[in-house]
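Note that chain A is present in both complexes that follow, paired respectively with chain B and with chain C.
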Partner chain A sequence: MTSNLKGNLESKFALKVFSGKEFSETAFPLATNQVNINSQTTLASDKDNSQHVSFSDHDDKFWQEQDNVYYLEAPLAKVKEICCYIQELGCPLVLMFANDERNFQAGYAVYYVFAVREEGMLVVIKTKADPESMEIPSISNHLHAASGYEREIQDLFGLVPIGHPDAKRLVFHGNWPQGVYPLRKDFAVGQKPDFAQEKIRFQEVVGEGVYEIPVGPVHAGIIEPGHFRFSVAGEPIINLEAQLYYVHKGIEKLAEGQSLEKCLFIAERISGDETFANSLAYCQAIEKIAGTKVPARAAYTRVLFAELERLTSHLGDLGGICLDAGYGFANFQFQMMRGWAYSVADELCGMRFLRSVNKLGGVRKDFVSGKEAKLIELLLNIRSELEDTVNIVKSNSMFIDRVENTGILEPKIAVDLNAVGPGGRASGIRYDVRKAFPYAAYPNLNFKVPEHNNGDINCRMNTKIEESFEAIDLMIQAIEGMPVGKVCEPIAEVKPYRFAFGLTEAPRGENIHWVMTGENNTLYRYKIRTPSFCNWPALCHAVKGNIVPDFPLINKSFNLSYAGNDL
Partner chain B sequence: MFDTLKKIIKYPRLTQDYPNRSLTPASFLGQTEIDTAKCNFCGECALHCPSQAIVLDKSARSIGIDYAKCIFCILCEEICQVGAVQTTNKFELAVRDKVTLNNHALCANALRDTPLSNKSNGESFYKTAVINEENLPNTSYETICSDLQATVKKIFGRSLQIREVDAGSCNGCDYEINALNNPFNDLERLGISFVASPRHADMLLVTGTGTRNMQQALVKTYEATPDPKLVVAVGACACSGGIFRDTYATNNGIDALVPVDVYIPGCPPRPQAIIYGILKAIDRVK
Partner chain C sequence: MNNIVYLLVQLLVILLVAPFVNGLIKKVKALSQKRKGASVFQMYFDLYKLVKKKTVVSNVSSWIFHVTPYIVFATAMAAALLVPVSTKILPPQIPGDFIMVVSILALGRFFLMIAALDTASTFGGMGSSREAMISALIEPSILISMFTVALISRSTSLPQIMETVQKVGIPLAHPVYIMVGLALLIIILAETCRIPVDDPATHLELTMVHEAMILEYSGRHLALLEYGAAVKQLVFMTLFVNILIPQDQLIGVIGLGALILSLLIYLLKVILLALVMGIIEVNTVKLKLFSIPNLAALSFILAFLGVLQFLILGGKHV
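The block that comes next holds the complex of A and B.
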């Protein structure tokens, strides 16, 4: 049904393909003299017609190499209809963002990104917001996943989603003044607006015996800050509203105008324990724009590091679940293995958080050469201990009783909110970026993606256990199959106003970065969407009906990143 | 049950005896140093440094790294053509005085006017200092501070309760603080433990830049902690804002919001570096 989605969209809604060439033309008016007038209305299928005189062969090749991404331009009035049509075909909305394109006389653009996962294809609907009213039609009532994005765009760009069911602030709290929008180009990054004193409104649940429990932002454990407002009657949770963005640092704004090199270090610091997944997504996007092919040895090295990060993260999560269920022994077993995983990282690169490993065009140096046997020995050691521990944990009926049928994320909700990663896979979603949008050396390696359906803590735990074993196997495969050769292909100058996606499977799930280059090797716009952004609303649904004491356990089974969500 | 017991006795002791015994020399990346004898003062490293931590005066032929800002990314080592930059495995970098975190006079001047003078924070945050001037009319701040420090040592003795506050980190530092409780570090062996509320705490271990949205929560947490209290800034963000300096949503380090006793550089600092910093704050290491 989706195979001819692009053609359907073009004919059904009379959309034209947007290639981004228009940007280059506005930015470099000199070049426009030579441009064939038809080129702006040319469809992608006509790309091979050698009509575009102003763009070199390399440029045409560039747009074609991105051929798993289709940009279609749509009028604002039709956007809702188009988005609903695409969703009905079973393609989820995976990202939605705005971009200040006033420099190209294009006003504020809004991009809706849909994934055709069976075919490894992204469909991007681009529209222009009404510059007078600064309004966009809300699609949240039809596509629930859009709700967070629309609120985010409203806060950062001042585009009002008309018809949004609950368009309250998302990124900013009561201290941010009205009418100040940091991602507009006329807002300077260092500007610090005055503190406002607005009250934050929470969803109210009323009824006999209903009361609220406010928790956070400073919690009892050693975790990141966030405020949770529980509405409860007795023990069961009726509603949970999470007020996040306490660690909002303005990363997207900070990256604008910075060198591509510096943005790599910013990308590494989006979320501490997803350092490698984020830097890899960023590198892949830039490499796509630059047309650089990463050497095979670097691609294998990247798999090794990405899987090490997954293993470290999952071992910590498994320990956390056990700890929150009061199962100390198992927690210390997992923490011990996590410590061993960190020693693998030390052995490889000297950094526990895998920072300063990725580089645009490959990796910084040959991290693996000469260490193969030692690494495999360390990994096999973790594997055998993990096997023993999992056997003990799974045969503990008291523990399993606690996690089974607790914190169920209904498959329907998971699909509607585009739940990703282990959280989604435990609720019946069969999706892994490594399979659907293969990158690095994953196409050459064998691995299985866990399949679970019940959506409870037990399923999420089992998903993580199975992924941990797969991660170890993948690392060993990568070490054994690693071809010899160089590890980095330096990146030449990157052309301005080009854009590309970088997709990776972070330990927490699908991770999407969209970059648009600026002049002189800088970034014009950097949109980051980590898996946590999608899974936080899913978590709020998963706790409903559960008792308050089970919340930490459910929370830990998702173990979402606050930093990755808040940016 | 039998399997559980078997596992418990399988690994008798994993805990590293730091700081009583120094760590086995490992190849991990610690402090980056610039050898001024080798340096040709080309300025490439200062130009590329992602957190502007390298301060260079070409005419005076002097160069230095501000470790409060350094994110330990070793890019300078990679860039340097003459091999003047070396990464050592020194990790015990915590200091009491932020100015000593840079070995360069230029940085000292630049730093002097940053802490506690951040205009944008508004009047309300000035009242957070422990000592109220009106109550102590004839004493200088220096005397008050040294008196306070002596009191702190006397009262806390050799045990300490810590509350961790994430004021806008990337969560790297928080995972490393978490690691203090794992079998390898087991902080409780030193009489130090983490508590659930600031009201039970002697020390706040603060990570992150002090974001706009966390600002009030951090100050409230500080005020909820009974006096005398210690504040330790963990990581480049908490020390100086790190790579997230000067954005609309961050402060340049938590000392713009609360007084800080010890600064622990690193991005993130290794667990042992954090232990060192905590012990330094209560004077158990020199």
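The block that comes next holds the complex of A and C.
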């Protein structure tokens, strides 16, 4: 499909598809020093110019490794058509973000990222928003997945998506004033805007006997804040609207201008239970830009930690599902195993939440050496207990009755919303970043990706159970196959205005980070998209038609992160 | 004199034992989860703590909200007085039968439901509507199952029924009583808001039934409601154990010694039933809300089969 897509895009839209190398030269002329290209030149005519640029070997290597990312610049008027075309080819929109590029170009750039998952390739379409009108054409009516991104861009950059079906605010609530856009470069970090008072509008459902149930933002139990507005007729749910972003911390803004090392700590704190997946995605992006090859031992160590995080997360989710169904015994079994998994983490690095493990260019130290036998013993112990527990849980027909056919996420909706991770895989989406965009030592290890189709709680639960077993096997493989050698390759100084993607499969699914470096080893732009951003709308669809008391169970089967979504 | 002793015994036994039963069930659950769990006497401390605490009342609530805790507790106690814990001390006449027990408890439930609506909070109304649904489904099966034993003993008076079953020997060996017993067991689980109908330990407001109704209560009001619920639970358990496991006939004599012995046996039976309820709770999960009618129907069918068996087999000599 790759060649097809490239060829078609070239012929159909008269656009040239090329790798990030050429794109970087043309789109960011200041960055590729000495070369003076008029920023207004259309890309198609830049072919000649690019040949004049002399790149060091180092740079060539960098762009070669980025070969799976194709950038192309399109005029604003054609964006909608191109996006629809790519979508029709079966490539989902996985990310969309804006960037304030007024420093080196006139105006704001909007990036549309599509994934060609079968080929392990990303297609990025960049367009420039009109700096006068600050408008972009909305593609949400054709690509449903774009809806959230466009609202996010509107709140953070002030770019108005024209034609958006419901362009209400997403990131900011009624207390943030209109017209203040924090991700613009002229908004200073720490600036406190005036307190505004605006009423939040929810979608209204009217009809006889229809009423609204407001739940949250403060909930019983130790969970993060989020407001859920149910429209119900008796017990069945007609519509659910989630008002999130109560824990918006401005992480993307905080990261701008920070040194690359310091930003790693920010990445680790995006979402408490996805620490490693986020820091790994960040490290991979920076390592790509710096052209650093991570030592093999570090790559294996990273697999070990990433799978450990998946195991703890999944065990917690499984316990949570059981607890919400009133199955106390099974909950405590899973929580106990989760505790064991955390003690494996403690054994490895002295830190249960896996912070300060990753380092740009590898991992901080040799965590595994000398502990191999002990670790494998602990893991096998978890495995045998997990087998027993799963057998008991699956033979409890009352419990299975509870989870089967509840909270069905239709495969069609899952595709339209780009549902990722176990939530997507349970609805028939055969996609795992570890297979499609292999990273760390995953290409050398054997594992299966669970396949389920029904999209109900039972499928999501089985997906997580199977992934837990795979995670334990992967960890054992990684420990046994770990080559000797150093664990960190220091990264060289990075050039400014270079950019790269970092993709990882977090416990909740596909995790995409896009990093653009600034001057003096700092960050210019850090776009984070955690799997929760994609799956929250999916959750809202999955509960429709179910009854109110089943919502906690459905919610827990997705177990989405508020912090990771709100950023 | 006899009446006063009866009242004292009933009040003391029910009030003292009711919180202990809750502690026992929680202990069983804790042990199944490899936890030590709280002491079986924890609920006494909890009630003491709640009584000491300040009562916070929403300023949009009406008098209904204030009087409901007292009504709920009073109705539970009134029902408790009608269900003898021992046949060794019976007053000459108790005004009221099991139909009255059910009606008195329904009165408390009615006030609890409207009090939950009174504050107009998000979850109170949900709790009320679910409680109304469940009680409407479960009450017929209480009546039918009790009618079965009433037909056997030719009286709806509970002391009379309990006296009659003393002569049966081992009621649980007889199909009529097995049916009634199973129906009653389901009724107890539903009436006391236990898994599989409701989850007393849940923190999820959206799934609650009984807990959703008392969410707005605090301090001594909450203490009364919790205590009332515990008393109601013990009333149903007393009904179960004294009808289906009557062992007072083993103690032939009448007097203080026999009374104490029969109360000890009663306590033992309650502990046994509490353990069984704990084990049921551990092994089942909460049903889907819309599956509760199936459970209620099962209970009703069992009770009805009891009636049919009585009609076919006759109950004189069972």
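What we mean here is this: the second predicted complex is superposed on the first by the 522 of 567 C-alpha atoms of A that agree within 3 Å, B and C clash if a C-alpha of one lies under 4 Å from a C-alpha of the other, contacts with A are read in each partner's own complex, and residues count from 1 in each chain.
What we mean here is this: a contact is a pair of C-beta atoms (placed from the backbone, for glycine too) under 8 Å apart; a residue touches a chain by one contact, two chains touch by 3 or more.
Everything quoted here is computed from the prediction, not taken from an experiment.
The superposed arrangement places chain B and chain C next to each other on chain A without a clash.
In the superposition on chain A, no contact is made by A:415 with either chain B or chain C. When the two structures are aligned on the shared chain, A:69 is found in touch with neither chain B nor chain C. Legend: residue contacts after superposition of the two complexes on their common chain; A:238 is shown touching neither chain B nor chain C.
Judged by the touch definition given at the top, the superposed model places A:265 against chain B, while chain C stays out of reach. In the superposition on chain A, A:350 contacts chain B only, with no contact to chain C. Between chain B and chain C, B contacts the larger number of chain A residues. Between the C-alpha centres of chain B and chain C, as viewed from that of chain A after superposition on chain A, lies an angle of 60 degrees, to the nearest 10. By the touch criterion defined above, A:549 reaches chain C but does not reach chain B. In the overlay built on the shared chain, the residue A:328 is in contact with chain C alone; chain B does not reach it. Using the contact criterion defined above for the overlaid structures, shared-chain residue A:388 touches chain B, although it does not reach chain C. Of the two partner chains placed by superposition, A:205 touches none, neither chain B nor chain C. Taking every C-alpha atom of chain B against every C-alpha atom of chain C, the smallest gap after superposition is 5 Å. The residues of chain A shared by its contacts with chain B and with chain C are 220-221, 329, 332, 336. In the complex of the two chains, the chain A residues touching chain C come out as 213-215, 220-221, 234-235, 322, 324-329, 331-332, 336, 396, 398-399, 401-402, 406, 547-552.
Within the complex, the chain B residues that touch chain A are 3-4, 7-8, 11, 14, 26-29, 48, 50-51, 71-75, 78, 120, 122, 163-179, 181-184, 194, 196-198, 208-209, 211-217, 221, 242-244, 246-250, 267-268, 270. Against chain B, in their complex, chain A makes its touches with residues 172-173, 175-176, 182, 187, 189-193, 195, 217-218, 220-225, 245-251, 253-254, 259, 261-262, 265-266, 268-273, 275, 316, 329, 332-333, 335-336, 338-339, 342, 346-347, 349-353, 355-356, 364, 388-389, 391-392, 561-563. Residues 29, 32-35, 122, 126, 129, 195-196, 199, 201-207, 281-291 of chain C are the ones touching chain A in the complex.
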